[in-house]
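One structure, pasted below without further comment.
Letters A, B and C name the chains as they come in the text, with residue numbers starting at 1 for each one.
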Amino acid sequence: MSQTTTMKLLTIVTENLLKEQIITLLKEHHITGFTISRVEGEGSRGVRASDWEGPNLKIEAIISPQGAEQILERISAQFFDNYAVIAWLSDVAVLRGGKFAQPSQSKSS
Amino acid sequence: MSQTTTMKLLTIVTENLLKEQIITLLKEHHITGFTISRVEGEGSRGVRASDWEGPNLKIEAIISPQGAEQILERISAQFFDNYAVIAWLSDVAVLRGGKFAQPSQSKSS
Amino acid sequence: MSQTTTMKLLTIVTENLLKEQIITLLKEHHITGFTISRVEGEGSRGVRASDWEGPNLKIEAIISPQGAEQILERISAQFFDNYAVIAWLSDVAVLRGGKFAQPSQSKSS
């Protein structure tokens, strides 16, 4: 009945200066389609709060569930200690056979 | 105990030029409230990648679970083949009796 | 195996004029990190439709599941009757031990 399949929406909010580094990381995981929007960060999270305030980028990509947590961990390992970056995953339903081919990542379900 | 009810967040990322067509489609499904924001699309998805890059619109609406997949399929059938459009559904919790009246779509649960 | 923990993404779409009041409310709940982006509201929801159209703010914060619905209810009680405000919660997965300390709200799981 359902025509949809569950994918992950990866959302990254980051300082502007990390844009290219994060896009490079995503492409290493075969994520070649994403959107970028501008957001203002406010408040403190305890870590480099001063960097958090001001212009930030929000990067969003629909990715395969396989490997999604691994990408989250790479972002964390590479950026969380020294930059104002947060990232999260959420479940989204897309139409089966949509535009979300995930080469080499969907060997098991 | 829970005061919330589950609705669907419909997200559509589209080329600017489809704005009016998509809004018309939404209104045909009695979706009259939504937000629009600007995003930059980047990268390729295999289908008309050149169109994907550059300014895009993100349209978001809270809709009834009933009929949500049907709307997704209409968007797909109407636009996916020829335009840079992606769309997905996610579960969101809103307060019961919120501002999300869905006329004529909630006959069954 | 999973390195992630489930948090709530709180999303509020509001008229610009409520920005400071909503931020004050969030801070009363120890939510000190959030992003703000500009969205255009369109259409009507039956309640003050004229206010809904035009520039709006989207405020997003990752918050602890504990107390999340309570915050939603406060936003509702304080603003829904008289302003063009909508708010919802969704589940997101973040890395355990991320930048989302929630003082005084996580006594029970």
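We take it that a contact is a pair of C-beta atoms (placed from the backbone, for glycine too) under 8 Å apart; a residue touches a chain by one contact, two chains touch by 3 or more.
Here the structure is a predicted model, which means the values were calculated and not measured.
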| item | value |
| --- | --- |
| Fitted rotation between chain A and its twin chain B in degrees, CA, nearest 5 | 120 |
| Same-residue or different-residue interface between chain A and chain C, half as cut-off | different |
| Inter-chain centre distance, chain A versus chain C - centres from mean C-alpha coordinates, in Å | 20 |
| Junction residues of chain A, two or more chains touched | 37, 90-91 |
| In the complex, chain C residues that touch chain A | 2-4, 7, 9, 23, 27, 31-37, 60, 62, 90-95, 98-101 |
| Complex contacts: residues of chain C adjacent to chain B | 11, 13, 37-47, 52, 56, 58, 69, 72-73, 76, 80, 86-91 |
